[in-house]
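Notes follow once the structure below has been shown.
A, B and C are the chain letters, set down in written order, and residue numbers restart from 1 in every chain.
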Amino acid sequence: MAPNTPRDDQAAQALTYEQELFKPLKKNNLQNELNTTLNIIYRQNVWWRLKENRLGFSALAIIILLSILAIIGPYLTPFSYSGQILALKNKAPGYTFYLKYKENSNGTIKIIEYSEKPLKNEEGFKVEKRIFWFGSDALGRDLFTRLWHGARISLFIGIVTAFIVFIIGVTYGGIAGYFGGWIDEIMMRIVEILAGIPFLLYVILLMVLLEPGLKAILIALGVVYWLPLARLVRGQILSLKEQEYVDAARVAGAGSWRILFKHLLPNALGPIIVYVTLAIPEAIFTEAWLSFVGLGVGAPIASWGSLVKEGFQGIGSYPWQLFFPAFFITLTILAFNILGDSLRDAFDPRCGLPVVTSPRSKSVNRLTKNF
Amino acid sequence: MARYILRRVGTMLLALFFIVSATFFMLKAIPGGPFASEKKLPPSIEENITKKYHLDDPWYIQYRDYLIRTAEFDLGPSYRYEGRTVNDIIADGFPVSAQLGFVTVLISIVTGISLGTIAALNRNKFHDYFAMILATLGFSVPSFIVAFILMYIFAYKLRLLPPALWGTWKHLVLPAVSLSFVPTAVIARLIRSNMVEVLQQDYIKTAKAKGLKKTIVIYRHALRNAITPVVIYLGPLVTGIFTGSFVIEHIFAIPGLGRHFVMSIQNRDYTVILGITVFYSLFLMTMNLAVDIMLTVIDPRVQLVDEKR
Amino acid sequence: MNLYFLIFMIGIALLTAGCSQKQDDLKNGEQVITYNLGAEPETLDPATATGKAEATVQMAVFEGLTRLDKDNKPVPGMAKDWEISDDGTRYTFHLRDAKWSNGEPVTAYDFEYAWKRLLSPETGAYYAYQLWYIKNGKEYTDGNVSADEVGVRAIDDKTLEVELIAPTPYFLSLTAFSGLYPVNQNIVQSNPDWHTGVDTYVGNGPFKLAEWKHNQKLVLLKNPNYWAADDVKLDKIVMTMAESRNTELTMFETGQIDIAEEVPAQEIKRLLDEGTASIHPDLSSYFSVFNTDNDFLKDKRVRRALAMAINRQSLIDNVAQGFQKPAYAFVPNGVPGINGDFREEGGDYFQENVERARELLAQAGYPNGDGAPTLELMYDNRGDHQKLVEAIQEMWKSNLNIDVKLKKQEWGVYLKSLFNGDYQIAMAGWNADYVDAMTFLDMWVSDSGNNVAGWRNSEYDRLIEIAKTSFDNKKRIAAMHDAEKILLNEMPFMPIYFYTNVNMYKPWVKGVVVPTIGGFQEFRWAYVEK
């Protein structure tokens, strides 16, 4: 890739108009309207192109479906994600049994009896036929329920991390790019130094320091993932701010922050959205990795990562305990990746060139999951 | 050019200093020590051990000593592996990881370029979708799952390859293939998008119009021009793989450097953590520089200029 | 481009072709066992080594004054016989004519040197306290006396005299422990890094180190200079260093190794059914320790209620699955009592009883768990605790209506919290250092660094002191029984089970002994029968 267009300071100088020649208007209605219309057309175009892309659209559909299942999945079964029936551990998918229980006054239930054959009902008790659709885990918990509970955690980790990354990356990169000069110099040196750090080592160190858990994962991932985004945003802003409409806005009396947040960032939004979309599977992935190393979320919370790890422990005897979480985690990451790609294509009609992230920053990020 | 390189090296050294310091203080902040165990030692024994490893010195002395030694390329003795220095550990582990990495890179480049080219030439057709789903899939399956599936099929079921350990080329196959999934996917995607771009260029049309064979057009003209981003990607790829992959080395019991990555943190083997951080950072930054220089050779359009000016 | 792909596929095919797994190690009737050590030894120096992998290698390469046989009884090793003074504090060992693997004779001076080296403050040996039974041993480690005053002395080349502070009935079996192995004084003094090189790593045991590729492989060959070399049948032991248990199991099942340990809990049932796994008792205890400084847990009745409200057999059958023994006391089976087994003499000190547990809880002021705080159960990320704590959490919730929050901590952080008393309930384990009840009981005395419960009991301290100094074995053991009774009545911790080791051996592997301490593989008597 060619380096960024060198910024010509002299040209910029020339563009600082003699202010007295231009009287700022109170409000530039026309400009605003035009912007809005253009934006709508642009957005519609993106949506249309995404819909045209069958692969991307099915990825989106899968993500929506998975999200819905994450929300309603745990309610589709009568089981709770943490309720154990030790005697019914490691049952194969589709295992059917009858459960006789009593409802306590405080809403908890007391299990009286279970059997593979139908049970007789008695006064004061309830008998239900139950099925472990995806089998049960090592503690006799319903894997189906746990899986969708895990989906919540994993998607939550993915989305919140992406959000944190978005906030930090956009602010940092935006400020560096817009203000330029020594601010940019210092901020980008810091990024450069941070980029030299073996990132995974830091995630592990942070996890140890912060005690394994949901909060630690979010912080650890958020802290390291914003670097490429900050670079990306800075690059975008750097080129966008030379555009004429920025000058127009400035002439129209907009302040620095207003220009940055109202004019520059919205126009750089495409690549940012793509990056953030791709950060979601990355976070889910890294969480799974951390679980594998023993630093994932703690019990009784289950993420897909921790379910995979649990599945590993009995792979030879109870393969479905690995299969289901492994399958869904892969499907989710796959869907997000395809969606990210499709969004990239949709935002960039030239279709293809990796404008979104420079391949380097992206691949540095990517590679880490090998560890 | 020389000035540019000099400046980059300067930044590298500065970055290295910051990284060493940050890691050092982070390690100091983390609870636990290299000699902690579930059995609490009598105080005098604990004292003797900390004294032996100079862990009783004040932090600024330890910090100063570490900086001086690092500047002399002496990464110090391991706290856990008695009689072995961090330099020894890197010298033992790195060649293994590098060997594995070399094979991985080779596999990734060959398959990645193949997949990417197939996809680009059949854009938006079945081949394209298939190749890209395959590539994205490779990108999406966690490496430990891939490793285990491969081990299960080829070692456990088919008994074609040894499941673990190191020594012969047979031991290389499974870990290298597992490791190559992600880079293959990245390369395939890069090649595809660049090929698509390149194939629309005028010179390709010219070449076709000249009546050149399709294969020659693809190999001589399209592929060569589409390959630049792969070169850029090679930098981090090579570092990542050469310095080892913890999970893969752990699963396949490979005596590489990656194994120490997580183990040393769990063990609080401070010098090893620091040493590996230094080594890795240096390697990463050197590779990036090397790639940038290489680019000017491959692509004359690229000139080395500071990003800032 | 298809060409590329084709080449690649052909390459893979060629690579995989014709590589059937052959066990070529066993040609010419050579006796070879391949064993997965599971980790790179941190050091092979007997003075500073601590772990299991290290001890396994050392046990093959060295021999102490005694060696434990398959019944865990000390039998003559380097010492051909010994005398013990009537008061049990003075041991005189007579060494046999034995040689180091480099041909030099093993002398009593080597022992004296090695033991003082273990104790020396400069060595910084973790296990120095294993020799604090010797007169002035502790004082020397503390730096208060010189080496000359330590109660171990070589009278001549073949006679070693040891002076103990108090009669220590288990001292003989201690001499079989790796920290007390002799080292070759000439070698060690001339080269401080002697234990890192194959050439300088000189031992006196049945095997000698032939190759050590770090993180990869360690090869031991039969030591022709061993005093009973004729009796050692194995020619070669190859040790691999795969850390992942899943990998180890696959390696075993595909024939890459002959012995596998630490079978994943979930696979044990299948492997037992297949007949490849075997269960070996281990001298160690698994328990939850209560922080008695906690307002809720300082009430003995609460602690007892918690202990009585879990179903240990169910935990073992369903979660741990290794045929562990449910524990209703602290000292596991397998240590000597007055006449028989200490545990069987002592019996169980409490029963599981949910009704009784609820009563106790009600008496403490929490009927049906009302008013009880949410407890925090801490465990580390290294062991296999997760499912167990989840099951215990569920049991306490459903039996006592007490809510428990699980708190996972990284190993180093966990240790810090544990020793700082910064926890409420923690999962912990304790393994024996020697075959005697004392190795378990003295961790709970008031000034023990390992007494993390914050529990103090002067009567308990007094009984342990009696047991430590008593010259009468009966009185000693009776005191320990009384002490254990107090301990289990007070319950600063809740016993869960006594550990086992689940190992797998290929059918042709014979004669490997698994000591109850440490669960090593002892290869001295091992052989291969095909």
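What we mean here is this: a residue touches a chain if its C-beta (ideal position, glycine included) is under 8 Å from a C-beta of that chain, and two chains touch if they have at least 3 such contacts.
Note that this is a predicted model, so its numbers are computed, not measured.
Chain closest to the overall centre, judged by the mean of its C-alpha atoms against the mean of all protein C-alpha atoms: B.
Each of A-B and A-C has its own count of C-beta contacts, and the greater count is at A-B. Centre to centre, using the average C-alpha position, chain B and chain C are separated by 38 Å. Each chain gets a centre from the mean of its Cα atoms; for chain A and chain B, those two points are 24 Å apart.
Taking each chain's centre as the average of its CA atoms, chain A and chain C sit 45 Å apart.
Multi-chain contact residues, meaning those touching two or more other chains, occur in chain B at positions 30, 148, 152.
Residue positions of chain A with contacts to 2 or more other chains are 208, 312, 315. Residue numbers of chain C whose C-beta contacts span two or more other chains: 246, 382, 410, 412-413.
Residues 30-33, 35-45, 48-49, 51-53, 80-84, 89, 92-93, 107, 110-111, 113-115, 117-118, 121, 148, 151-152, 154-156, 159-167, 169-170, 173, 177, 218, 250-253, 255-256, 259, 266, 268 of chain B touch chain C in their complex.
Across the complex, chain A is touched by residues 11-12, 14-16, 18-19, 22-23, 26-27, 29-30, 129, 132-133, 136-137, 139-145, 148, 152, 179, 182-183, 186, 189-190, 192-194, 196-197, 228-229, 232-233, 235-237, 239-241, 243-248, 258, 261-262, 265, 273, 276-277, 280-281, 284-285, 288, 301-303, 305, 307-309 of chain B.
For chain A in complex with chain B, the touching residues are 1-4, 6, 55, 184-185, 188-189, 192-193, 196-198, 200-202, 204-205, 208-209, 281, 285, 288-289, 292-293, 308, 312, 315, 322, 326, 329-330, 333-334, 337-338, 341, 350-354, 359-360, 363-364, 366-371. For chain C in complex with chain A, the residues that touch the partner chain are 246, 249, 264-267, 269-270, 314, 317-319, 381-382, 386-387, 389-391, 393-394, 398, 406-410, 412-413. Contact residues of chain A toward chain C in the complex are 82-84, 86-87, 89-90, 108, 110, 138-140, 207-208, 211-213, 294-295, 298-300, 310, 312-318.
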